[in-house]
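Look for chain A in each of the two complexes below; its partner is chain B in the first and chain C in the second.
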Partner chain A sequence: MTSAKKTRRFALPSHLTGPLLILIIAMIYGSLGSEYFLDPASIIFNTGRYIEIGLLALALTFVIINGDIDLSVASILAASAAVMAKLFAAGTPILWCALAAVFTGFILGMINGLIVIKFGLPSLVVTLATLALYRGLTQVLLEDSVVADYPESFVGFDQRLVIGGYPGFPAPLAVFIVASIIFYFILRKANYGLLNVMTGSNASSTKFSGINVNSVRLSAFALSGLVSGICAVMITSRLGSTISNVGLGLELLAITVVVLGGTDIFGGRGTISGTVVALLAIMAVRESLVIQDINGQVQDGAIGLLLILTVLVPRIRSAIVDNRNRKKRFNEAQSQIANH
Partner chain B sequence: MSLILAGLSVASVGPANAAKKKYKVTYIPKNLGNPYFDAIVGGFNKAAKKLNMTVKVVAPAQAGATDQIPFIEAAIQQKVDAIAISPNDADALCPTLKRAMRAGIVVLSVNGDTTASCRQASITPTDFSVLGQYLVDQTAKLIGDKGDWAFLSATSTAPDQNAWLAGAQKYIDGGAKPNMKLVATVYGDDQPEKSATEAQALLARFPNLKAINAPTTVGIAAAAQVLSTSPLKGKVVVTGLGTPNQMRQYVKDGTVKSFSLWDPGLQGEIAANLIVQMKTKKLKPKQGLKFSITGVGPGSWTMGKDALIIAGPPQEFDASNIDKFNF
Partner chain C sequence: MAKNSISGVSVLLKKREFGIFIFIVLLLVIFGSLEPRFFRADNLNAILSSVGILMVVGAGQTLVIVTRNIDLSVGSTLGFSAMVMGMVARENPDFPLVGLILIALVAGGVCGLINGLLVSYGKIPSIIATLGTLAIFRGAVFLVSDNVQIDPNDVPQAVINLATTSPIRISWLLIFAIVSILLVHYISSKTLLGKRIYAIGSNPEGAVSRGLSFDRITILVFVSVGVLAGLGGVLYTARYATINPADVGRGLEFDVISAVVIGGTNIFGGSGTAFGTALGCILIGVLSNGLTVVGVSPFWKACATGLLILAAVAIDNFVRRKQEERFLLEIRNQRTAE
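Moving on, here comes the complex of A and B:
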């Protein structure tokens, strides 16, 4: 009895098995495929490129648990980056430009949420529209121009180390870890997370139990916008320049991370730990492929295949188990009838 | 047994190269599955066979500004000797390319440039500053320096084409080809249907039209397609800039006599050779530096401002040579 309890306590949460398995296999595959793969300094440094995706995925986890979706995150990022670039080009100090970018992200996220809630429209349609709208806004603001020449002190945030030496600890990774812990506690400990889950699993019954469903959903959209604004600042610092197609397609990568991490795309279920492990898994897959000189198309294909498998395998397994149980019950019933 | 193997490997490498280090080069085109960049890769491979070099080609699925960054970082991690890149963006790759140079890697841009401080030298396919003039002369040669002609360009805002058209106009205003009259410049927006419609409209509006010059690969193919089924085939000249693969059928059926572009492969050959010279001869690219490669293109080059290298003059294609090119 106690031993059974023990194994249960140490059992791996089921939503983590898929991404953890992918992470481990990718690490082995990469190490076998290239002598250069298992270089701690490179691995840690290369995380810098994925942190924006990771932060967007953290915020999207809340939105998706609510049963909503935000397809516009990369466009919010671009629009925020454009506001930042325009202000900088006009001579505004870089700190104010960065704050303006974060604020822009927050406002655009609020607009998403307000349209969804006030007009009762599906977030898929609303954010599909704002995906185009905010990107269009970016193109109007920046046209074909490039804003570069950001101050030295601002550029290269991703190459800065929080802890120096070898292998070192880069700033973006530190930001991501802190953000993950904050998001984890919001979702797990604070009532807000519970509300999210309730809203996602059954919005109308949650509403009738006296909970303001709309403010829960609205705050998730606002948070998603705010995080997109923060990512705009980070990506601008990393690239040292701004153009209108910045971050194009990032929303799909971020949503992939969330879904791979076991969050139900229909809402009601999801964890921050799942999203974090899924980000690590995707990072490992991409890095293990790119170090072996495998081209972009194949990398995209591999991620797609893994996503399908992660979602499909548990479904197939439970279908098989269900089927077996049904047969068992059927046989029991048959034998009972026979006994009579 | 091991002695025989050792003997064999020395024989296959050649005694002079046996002791030398094999250079590792990564070339990153804008994207894959593009015959134009395949031709550049062909140039790299052709040169690598003669040099002591392995060339790897990797590219992202999309041509987004930042999509090449993971491939540059992987090359740094693999400690390659050189990275050659056809950049998708002049600025966004800068921090990563600078990191590569700090790691002691030779960085060249090929067929497109980044900010000058982010690479050591840049190879450009041809001298675009005289291309406008070239387009006028190209047309003149085909119509005997005389008659009405028109431009069928890309979009009215295309920066490359607009620069060439301005160059052509300046050349004409300066008194070149006085018996030729540029009657119109129309825009096909680099869409096949729109370009074909514009070409048809030119033929209808100007009955004395002798030539259409389309300095865009979409435009020239559309104009050739219109002419190939028109009674004016063989009477009105179509020329400009196009790729051999798109234009082959129109050259074979006599619609088009000759057209031009440049030889993209030449850039790959120059890049591969330059990398080896930078490594072995400690060549430091800068304005005014001369270098030569025997048996490749013009054979010798002088670097321009910011170590810019012009690969060669435009390449003319006609029935006699078109089958030698595949892009």
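Moving on, here comes the complex of A and C:
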């Protein structure tokens, strides 16, 4: 009896079992492909390409917990990168360019939020429109030019080490870890996180308890824009150049990460730990498929399949349990009738 | 007096299709006067062919959105069915045209069935299920084709003829498009099935408590959008004669959903018409072609589409609010009269 209680106390949170299972299977599969797959240095350096997705997913977790969605994150990223590139090409010091990119992201996120709130429109449609609009702005700004020649001091942020030596600890990973811890505390410990969850689970009753639901939703959109702006700076530093299709399609990956991490797409429920573990899982799946030399589109297909399975399997399991309970109750009732 | 003029305006505004129609005419006049080449037969043909593919898929997407769902996987479904059909045609050059079309329809229908089962019995929100299948079906295109594209000389002439030849003055491609729109219009406005689809969309709990099968209607709607996307695959092959695994139907979901939303279908379900969607498709086609012909940099195209969607939903929302206000006012007046 006590041992059962103990194991329950130490059992995994249910939203983490799916992603963790995927993570473990992918690591085994990857290490079958190459003995260097689990080499700490290779793992740590592979994270570089996923940090932007991870940061976008962290901010999106808040938007989705609110019951909204932001499809435009990758386009905001592109537009911010374009503003940065244009300013740099005009001779602005790189620090100001980077700040302008972050600010642009913030403003574009605010625009999303304001349209959603002021006009009372569904965020799915609004951000579908701004997905096109912001990508369009990027294309108008950059046309088919490539902006490169960023200063040496700016390029290669992902190669910079916070802790040197073997296996090393690259700067983007540090940024991501710090960001996850901050977001974790905001969601779990701060008032603001509670407001998000309340808004997402029942917006009208939250409104009637005297909370400005609209400003909570607006702030989540602004946050998502701000983070997209920061990601624009990071991706420019990593790639060393800017073209108009930068970050194309990242929004789908970021949303997949959030949903895989157990955040309810209809709002009201979600965790930062889920998002982080889901990012690791997707990274492991991607890298293990790369090592097995599987086509990129098929990799995306595999991730799509995992997304569906992580939502579907718990549903099937609970349906089976429900069915069994119902049968048990039915049998009990019948035996009671028979006893009478 | 004042009341009369207000109701007159709102009657016109209520005819959502009329507003889009006026806007299309306006665009035609602007583009035509800026660049007479816009009205040349080959240009109009190019617009109509791309609009036709959009219309076929849009007709199905309208039904899906009416039932409060969304299908993000239409582009991949179109690509998958086009690829399956193309591969059959490459292996058997003498395969009859009707057989090829049927294969594409079945392939699309199977994709739709998978979506429908996930959404109905799997109880997965459609946006997540189809986000997943968007990637899965695209992966399937690569798996079946082994990343080899279908070249124009492997596509049978009979298929290509669908886009170029015509029994009457318009091509087969457009006939398919118009028939799809008319069919969806007929089903949604004249049949019991259509009433059920709209009932599920406007009040799912109510509809189910009146004895409608939510699961069956959801599956049916997804299968029909899949079949129509399969037909879209045939038309795509007819128009472009090349099936590249990475390009075929990529990003189509965005244009299709834009057209449906611009056409006045409520994204929260329950209302929307096939004719509205058809006009939305024409609007998108005219706009993107017109901008190019007039000489506006093609880089403005995405901006224009984005603004168009925003304007469409904002106007729609404004009209709906006004109607609600008027409705409340009428009730209040009645109460005070009593």
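Heads up, the rule we're going with is that the second predicted complex is superposed on the first by the 336 of 340 C-alpha atoms of A that agree within 3 Å, B and C clash if a C-alpha of one lies under 4 Å from a C-alpha of the other, contacts with A are read in each partner's own complex, and residues count from 1 in each chain.
Here, a residue touches a chain if its C-beta (ideal position, glycine included) is under 8 Å from a C-beta of that chain, and two chains touch if they have at least 3 such contacts.
Nothing here was measured: the structure is a model prediction, and the numbers come from that model.
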Touched partner set for A:N46, first chain B, second chain C, both or neither: first
Touching partner for A:G210 - first (chain B), second (chain C), both, neither: neither
First, second, both or neither for A:F119, with chain B first and chain C second: second
First, second, both or neither for A:V259, with chain B first and chain C second: second
Which superposed partner A:V311 touches (first chain B, second chain C, both, neither): second
Contacts of A:N295 with chain B and chain C, given as first, second, both or neither: both
Contact breadth on chain A, by residue count: chain C or chain B: C
Contacts of A:Q139 with chain B and chain C, given as first, second, both or neither: second
Which of chain B and chain C A:T130 touches, first, second, both or neither: second
Common ground on chain A, meaning residues reached by chain C in one complex and by chain B in the other: 295, 297, 299-300
In the complex, chain B residues that touch chain A: 26, 31-32, 56, 58-62, 64-67, 69-71, 73-74, 76-79, 89-92, 94-95, 99, 115
In the complex with chain A, residue positions of chain C that touch it: 70, 118, 122-125, 127-129, 131-143, 147, 245-246, 254, 257-258, 261, 267-268, 297, 299-310, 313-314, 317, 321
In the complex with chain B, residue positions of chain A that touch it: 34, 36, 39, 42, 45-46, 49, 146, 148, 155-156, 159, 238-241, 243, 245-246, 248-249, 286-287, 290-291, 293-297, 299-300
Interfacial residue positions of chain A with respect to chain C in the complex: 69, 115, 119-122, 124-126, 128-137, 139-140, 143, 244, 252, 255-256, 259, 265-266, 295, 297-305, 307-308, 311-312, 315
